[in-house]
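A single structure is presented below for examination.
By written order: A, B and C. Residues from 1 in each chain.
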Amino acid sequence: MNLTLKIWRQNGPADRGRMVTYRVEDVSPDMSFLEMLDVLNERLILEGDDPVAFDHDCREGICGMCGMVINGVAHGEQRATTTCQLHMRHFEDGAVVTIEPWRAAPFPVVKDLVVDRSSFDRIIQAGGFISVPAGSAPDAHAIPVPKDDADAAFDAATCIGCGACVAACPNGSASLFTAAKITHLSLLPQGQPERASRAKAMVEQMDAEGFGGCTNTGECTAVCPKGIPLDTIARMNAEFLKASSK
Amino acid sequence: MATAPTLPHAAHKGGFYASSNGKKALMAVTGAVLVLFLVGHMLGNLKIFLGAGSFNHYAEWLRTVGSPALPNRTLLTIAEIVLALAVVLHMWSAVSLARRAAKARPVKYAAKRKSQAGGYATHTMRYGGVIILLFVIWHLLDLTFGVVNPKGGDATPYDRVVAGFDPSRWWVTVFYLVAMVMVGLHLRHGLWSALQTLGLAHRYAALKAGSAVIATVLVLGFVAVPIAVMIGAVK
Amino acid sequence: MKDNVNYTVGEPIRDTKAPEGPIEDRWDTRRFQAKLVNPANKRKLTVIVVGTGLAGGSAAATLGELGYKVKSFCYQDSPRRAHSIAAQGGINAAKNYRGDGDSVYRLFYDTVKGGDFRARESNVYRLAQVSVNIIDQAVAQGVPFAREYGGLLDTRSFGGAQVSRTFYARGQTGQQLLLGAYSALERQIAAGTVEMHTRHEMLELVVSGGRARGVVVRDMVTGEIETHLADAVVLATGGYGNVFFLSTNAKGCNTTAIWRAHRRGALFANPCFTQIHPTCIPVSGDYQSKLTLMSESLRNDGRVWVPARGGDDRRPADIPEGERDYYLERIYPAFGNLVPRDIASRAAKNVCDEGRGVGPGGLGVYLDFADAIGRLGRDAVEKKYGNLFEMYERITGENPYETPMRIYPAVHYTMGGLWVDYDLQSTIPGLFVIGEANFSDHGANRLGASALMQGLADGYFVLPTTLGDYLAGAGGFGEVDEKAVAEAEITVREKIEKLLCVNGTRTADSYHRELGRLMWDYCGMERTDESLRKALQRIPELREEFWNNVKVPGDGEGLNQALERAGRVADFFDLAELMCIDALHRTESCGGHFRAESQDADGEALRDDEHFAYVAAWEWGPDGPVLHKEDLNYDYVKMTQRSYK
């Protein structure tokens, strides 16, 4: 199949950037979206052009490194799928595909489709952990954890930190990402001692990074490749209110 | 990029209401106050179907409730202040969150961002809110202060309502209807959203359905009155 | 040696750090002997940790917590994205929570046997001992392992073991463990003990006064070449499976860090020991950029088969039972579809070589769930494997409930790596190597769920003790020689400039693909004297062509992903050559290393303990590598030939 790509090109943080149109031919429907871009890049290199920069690593939907807004949808229209797991069979021959980076002030563009997501790391630094020095842990069976709690904690813990939730949110909010970690840790007995301070510190850091506030539009869960549910945000709100009223 | 050893953006210490979550909570609480008001207001409005006496008596009662222990209008004034405050705070939160959101996305997407969640909340809440605000101002001028009411401020409440929605002033009624639909849309999202904001939400399907039902009932309750006046069922 | 293969045999090498005495006591003894650094001094000591996977992440966090000044590096945009994140199956630990007869000794025994008697007993025993603490540590950090209704931890059994000792978090064990280590690391970053450098690639090691004293890195965003100095350097940069281009590793996995250290004097041990995983989704076209693993657990219920007759291109459903060959069940009646990884992989290759493979290019075999669906019902199968089936369908567009999956072996793990002693220190003093990057604990074949265990054992528990001993012993190493720094920086700059200057007609990726294909064909699942010699002839030619004809666009300033890739490919060429030499010299078959010349009458791998019970540790030399042998002694586990029939 043949496609027309409109790709955001930006040479560096200071560059203004623009959309550039490329044609790619003989795309196999079995290719992944990134493999299609690989093919384009190989051609650009040989033609003496600058290949399109994009982040990726595992290419199996787990590292959270990849991510682009494809035709206006973060990670593309297929649900519960990272960009690297998206395959060309979901596109039609002759289609025009727009490809843009995550757009949010706390995710400044590094180059082309590559953005800087270190703001996410700083949100985790603010409290997304349980303080336990190596070697000081009690036996793993010392505290049983009800299976339902463990399962719910796991569901929230599967967030891959890709940032699609921010990219899709009309407010540029990082609530789903932050809530996933707060939920994961607040559901486990091990997470209790730091529960209140964690919620407060992480929410405050999220604000300090310049993310928008949540208005419960639900766009985040809809694009989240791991299907992190909206009730994590309710839980974060409850945790934050409780922590703030202390 | 090296991450400096200390947090590069020190978490702001502006207090609860400076945080986006705090503002959201304020919005939810003030929204809830306004919803309670709407429920009461609607029930009162419906008394118009019991006749002019009943309706005027209700309006009178609003002014005299609490007396003689308290001077007339004490409770009503308190309620009005609370409501005014709620509206102001609600709007203040809405505006500062909207500004925050705009700052968080300085560069817009070139492709039309396709909503994956219906796009409902994004589109209705802010624009809808503004329409509601315009309406509330008009509404106060019309029926509370009577400034723009054909019968003026001295007429009985019943007369003011009947005159206000007189078929000759069809555009007032249309504006009212539109505004009420906006209120309904606002609440369809706002009701469950407030619970979510306060951390009380789960079982979203049921919650959203419940919000839609309550919003519909409120809208129907409110529009019943002007429609009744329009078609002459109340005169 | 003859022809195009020249290497020399040097002095034998020996691990001098493992204490004598009963194996159960050795780690305790070593821990007690290890000198301690007093807390005030720790703050003055800088440790560089390259890599933030399970090994590097846990090490940096623990060293930070202990009070050292730590500088941590990774090439991704966040430490959380190291390739450990992709591990699916689980992590072993000798907890014996099931009371099914597991013990530290049994885990030790299984691992030594699974490694086909090419790992050190002392190291493996320690690994089994420490495994118990890892689970405690992870649970305390909030790792949401699978639990049973009683609230206690669930376990499952994994290939090569008869007890249920594998702890897991659905199909995302590596992710959950890494996020645990990552959160500990972020906590230290916030506390100011760890300075994090993301999007920084290590390109050179600084050795001064005979000790590892720093690294030269490239800031991948600005292109700046920076030197960071320290009192010790820890490499935790993962495996080098990407030398084959196609593997289950992440695209960025590379050998550059350990190869540069090797060039500076660190011995490289057993480079040819690679693990090929039998259940991966086959290649679908020339554009293929990586291979995806399908969890081994699928073999519990899926049956592996190919058409009995070559060239049979009917749809699988149209091939009657009588004309199918369930070859694993036929050849290995006792273990059937559950034979260890290396055996299952080789059997698949054999049937495909016979022309009976299925799918595009004939490189695939069926993994069929029809029986399981008939026996257990579709719902039960969906409950167990739903997410894997979905992943398969996503990639191939085929529905495995209706038509059998196609699978094929793929490169998955590298047992080889930099040689380290019991203290995890390489032959360069002050250079420690942990995780998949070292060669230590898995011998010639790694058992499932043991890599996560090793990475965390190294990082949380072993390294913090042994590194302290090294740092305490020296009491400050003095100034770093400026000339050493300048020389290292120049090496880096020259290499980058050279790559940018060629301006030829082929991309680095296209060379990488060709090299990978060559390695897969000649140094892959089956190796012969002839194939390896062919490879050794071709690799230098291809490398020569690469350096004369590669095209790397842009400049060294700013983000240049093509340049990053070209640099890695350049090092892969050198490594590939060493792998082939190693494979050629080891004329026995063992574990993942199958030399066609060394098999028994049934076609099974035949070890040669008399001549090859040693670790092959290679020293880099301008005139070809120098082999140093470390003899392996087995005092506890008796050497036997593996049999799974």
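Here is the rule we use: contacts are C-beta pairs under 8 Å (C-beta built on N, C-alpha and C of every residue); 3 or more make two chains touch, one makes a residue touch a chain.
Computed from a predicted model, the values in this text were never measured in an experiment.
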item	value
Central chain (by mean CA position)	A
From chain A, the most remote chain by mean C-alpha position	B
Mean-CA-position distance for chain B and chain A (Å)	35
Between chain C and chain B, distance of the C-alpha-averaged centres to the nearest whole Å	61
Distance from chain C to chain A - Cα centre to Cα centre, in angstrom	27
Per-residue multi-chain contacts in chain A, two or more chains	116, 118, 121, 125-126
Overlap residues in chain C, where contacts from two or more other chains coincide	189-190, 196, 198, 221
Shared interface positions of chain B, touching two or more other chains	1, 3, 7
Touching residues (chain side chain A, partner chain C) in the complex	11-12, 28-32, 34-35, 38-39, 41-42, 44-46, 48-51, 53, 55-65, 81, 85, 87, 89, 110-111, 114, 116-118, 120-121, 124-126, 128-141, 144-147, 150-151, 153-154, 157-158, 160-161, 184-185, 188, 190-191
Residues of chain B defined as touching chain A within the complex	1, 3, 7-12, 16, 18-25, 97, 100-101, 103-122, 125, 189, 192-193, 195-202, 204
Touch list for chain A against partner chain B, complex	6, 8, 19, 69, 71-73, 77, 98, 100, 103-106, 116, 118, 121-122, 125-126, 168, 170-173, 201, 203-219, 221-223, 230-231, 233-242, 244
Complex contact set, residues of chain C against chain A	58, 61-62, 65, 76-81, 83, 85-86, 95, 97, 133, 135-142, 144-153, 169-170, 172, 175-176, 179, 182-184, 186-187, 189-190, 196, 198, 221, 250-252, 284-285, 287-290, 292-293, 391, 394-397, 460-461, 464, 505, 507, 509-510, 551-554, 558-559, 561-562
